[in-house]
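First comes the structure, then the notes that go with it.
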Amino acid sequence: MEIYRLEAVGRRYGAKEALSDINLGVEDGSILGVIGQSGAGKTTLLKILAGLEPPSSGKLLYRGETVDTHRAATLRREATMIFQAALFLRGDVASNVAYGLQLREVPEGEIESRVRDALERVRLTGFESKDARRLSGGEQQRLAFARALVLDPKVLLLDEPTSNLDSANASIISDIIAEEAGRRLVVVATHDYGQVRRLAGRVIQLEGGKMIGEGETGTLFADPRFAENVFSGTSKIVQGVAQVEVGGGIIIHAAFNREGRVAVRISPEDIILSKQFIETSARNEYKGRIVAVEELGSIIRLKVDAGRIFTVQITRRSLVEMGLNVGSEVYMSFKASSVEPL
Amino acid sequence: MTEKKGMTINQRTMVIIGVVLAVAFVAGAWYMTRPTTKEQIIVSTTTSFYETGFLDILKKNFETKYPQYNVSFISQGTGLAIETAKKGNADLILVHDPKAETTFLTDGYGVNRKIVAYNFFIYVGPSADPIGVKGLSPVDALKKIAEEGAKGNAIWVSRGDNSGTHSKEKALWKLAGLNVTLLKQQTTPDGKPWYYEAGAGMTATLQLADQKNAYTITDVASYLKNSASGNIKLVKVVDSGKDTLNVYAAIICNPSKNTRGHYEASTTFVKYLASDEGQALFKDYGVTQYGQALFKPWITTLKANTDTDLIQWVKDYAYIEGSDCPMAYRLNPGDLYS
Amino acid sequence: MSWQPISDGVTQAWHLIATCDPQIVDITIRSLQTSSMATVMAAFVGLPLGIIIGMGSFRGKELVKILFNALVGVPTVSLGLFLWAMFSRDGPLGVLDLLYTVPGIAVGEAILIIPIIVSFTASAIEAKDEKLRDLVRTLGASDFETAMAILREAWGGVSLALVSSFNRAFAELGIAMMLGANIRGITRVLTTAISLETAKGELGLSFALSFILFAVVLSLNFVVGYVGRSRWFGDLQARSGW
């Protein structure tokens, strides 16, 4: 069933228009991705869906009914948002998780067991008496998840759930998000396109408060606007492997059969970087120079010029450990099977 | 999770309990601190009277004789004391300013005025008495002080607060033919003023005068008290005289204007002051402590009729139209004026 | 002035306390009654007002905050005079018979300290992030529950407001004098007693009373501070979800 319908929804703060003319319908039991740059309006949209802020214009319907002040209270009970930076109340982990249940007057014995289960889910078993504010960043984000999941909300709204996490914590969270698909509606706002491609069934793209793209994940990312590492050139099959000459001295080895004019694409996460040349089984190896570094929380997007410009995604940790920077010389490698024909 | 025995108390309930407790507390405290279960007589009186401590004795004795009453004294400057009574916040006044008392009667605020006690204002000054006013009459002394003050040889401190004492002082300056306003503005050859206004109660004024080695006028009671406790080193320079008479009278607030409704009780109190018992209290207070009584009982003195000069002085100064209280302002006096 | 009155005062203070002099006990208890009544009454009005202002966003909010900050400094003698005229029998509130009574002083002091509570509470609450509000609301809190959660998080500042107001009321002279008139056994409190004894020239006794006043305030503040940090109180807070 359709959980949300937004009709020409807009939101302004004083003179600033954070969102305008959003038209959207969201179905139950799916994961919706919201992508866009910082300031594009992702958080604002989530807050509206969470019932935390009313639209300044347009209509928001939840389960078929217009959301007014009264209905917003119900919406807030059924939709829970997890914020980018987790905030906690005074007290231990258990009381923080239990807070929402206490508001709903759940009997105490039940609270205790539900809290325990939720903590187990996020791998924080045994943390009950710890001071919530003294946990590490990763633990705090997991705790935020526990706090939300224990309420079994009908809608889960996630604002950059893994952007400040190291990969260990990020993967725990990603797994949890993936598990939630089907159980309830999940809306994830992020600028990690890889994460969206992996998790979301549907994606909308925001820019400057407006919706500039919307559709099935696979389809949307095929859009040339998402052109990252899209190269066109001429393919020749040599010894069972396609060799695509894309210019700039780059010949990409791909594992498909086509010949002639083709367009190919490589996922930025599939490209491996090294500071020295390593002989690997990967068929594609190029030397290049980093020309741009884009920091997106715990992931980094690099633009590497190897004759053509490649977009490579690595973790921040790798960037730091390898001491990479604009101007650094790097070697890129990726498998032939990572090359997608378009 | 911390061990929790019993229910988690719902937040809303907590707040409600809190509110109820708060209200109960205030209500309880309000009840506990209500003034008195007895009938309360509020007497508006002056600070000098209050500061002598006499009123504590008066209260104790009166309440022993009449346990159904609670006497509460409110002491303020004479002006404010009268104002308080006019606004209906007291049941009777006990002051020492015949002029103001007359106005109180003629404006219709009071009835049944009764003179109860008297003493004298005295001048005090530095023990050395550099300008030699000792023994002079009150009026002559002031003339001398003004003369020497302008030369820079003496300092005068005034109450400056429109109290009974201050009114007396102003009247005396007038008798001496001097204009206080002008005196206040004068400066000595050093360029400093010699007439200071304390704007405070008697004790504070005495202390100021003491600090400055100045001359000032005070009632006997306040002087004795402060001298005995060592607060001041000033000595008496001009003693009793006709012009420094200080007469205390009680006036009951007019029941037709005053809504407090304690007319009967007030009458009982005034009659007590005038009774032998009450008069004895005036006569005895201070004798053991200071060697002399701070007040003189008027009615006893009047009845004894020995010091005829003194009696005439009091009548001249404090009688209104030939008696304590003109007929027009007497209300069912009974034997109050017999 | 030598040190005499002060040293006299110290000795006298000890003596008065040790013998539990009935008059001293009487006025000390009355001081406590008056200021605690005043604080509770002021909290009744001031806490909700401070919470509303702290949490609210409305036009003129800054003006209101400035107004209450200014009211904290109202000269007590002037306020006392104003209330005296109001409570006087011939005044608008004369029928309440508040003049020369302890409840009357308490009401006057309450009016005096309400701005303190409002100012401190509003500041403490504002200091708590707006994000706290969003968090609590997304977990399902109603407006009332939201206010309670924010109040709980801001409790440090709020309890400071309450303690400060109590201290202020306890040490108040002007209002107690104007509205109470220092009537022995009825409205005499520590501050007015000190004033009287000073006027009477009994400096030693004045100092003694001053020491006692200070000692009472100190002890009370210590006790409240200690209880606030104690285990027992923390458990009580946890049990009630506070």
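Labels for the chains are A, B and C, by order of writing; each one numbers its residues from 1.
What we mean here is this: a contact is a pair of C-beta atoms (placed from the backbone, for glycine too) under 8 Å apart; a residue touches a chain by one contact, two chains touch by 3 or more.
Given the structure is predicted, the values throughout are model-derived calculations rather than measurements.
Trainee: Of all the chains shown, whose C-alpha centre falls nearest the centre of every protein C-alpha atom combined?
Mentor: If one averages C-alpha positions chain by chain, the most central is C.
Trainee: Going by the contact definition above, tell me which chain pair has the most C-beta pairs touching.
Mentor: Most contacting pair of chains: B-C.
Trainee: Could you grab the centroid distance between subunit A and subunit C? Build each centroid from C-alpha atoms only and quote it in angstrom.
Mentor: Computed from C-alpha means, the inter-chain centre distance equals 54 Å.
Trainee: Taking each chain's centre as the mean position of its Cα atoms, how many Å separate subunit B from subunit C?
Mentor: Distance between chain centres, rounded to whole Å: 33 Å.
Trainee: With centres defined as the mean C-alpha position, give me the subunit A-subunit B separation in Å.
Mentor: Roughly 86 Å separates the two chain centres.
Trainee: At which residue positions does subunit B touch at least two other chains?
Mentor: Within subunit B, residues 2, 4, 8, 10-11 contact more than one other chain.
Trainee: Subunit C: which residues touch two or more other chains?
Mentor: In subunit C, 145, 238, 241 touch at least two other chains.
Trainee: Where in subunit A do residues touch two or more other chains at once?
Mentor: Residue numbers touching two or more other chains: 95, 102.
Trainee: Enumerate the contact residues on subunit C facing subunit A in the complex.
Mentor: It is residues 129, 131-132, 134-142, 145, 149, 152-153, 238, 241 of subunit C that touch subunit A.
Trainee: With touch defined as at the start, can you tell me which subunit C residues reach subunit B in the complex?
Mentor: Per the stated touch rule, the residues are 30, 33-34, 36-37, 40-41, 43-44, 88-91, 94, 99-103, 106, 144-145, 148, 181-184, 186-187, 196, 199-203, 235, 238-242.
Trainee: Which bits of subunit A are touching subunit C when the two form their complex?
Mentor: Checking each residue of subunit A against subunit C gives 47, 50-52, 73, 76-77, 79-81, 83, 85, 87, 89-91, 95, 99-100, 102-104, 147-148, 151.
Trainee: Looking at the complex, which residues from subunit B come into contact with subunit C?
Mentor: Subunit B reaches subunit C through residues 2, 4, 6, 8-12, 14-15, 22, 25-26, 29-30, 32-36, 42, 47, 50-51, 53, 56, 59, 70, 72-76, 87-89, 201, 203-204, 206-207, 225-226, 229, 231, 259-260.
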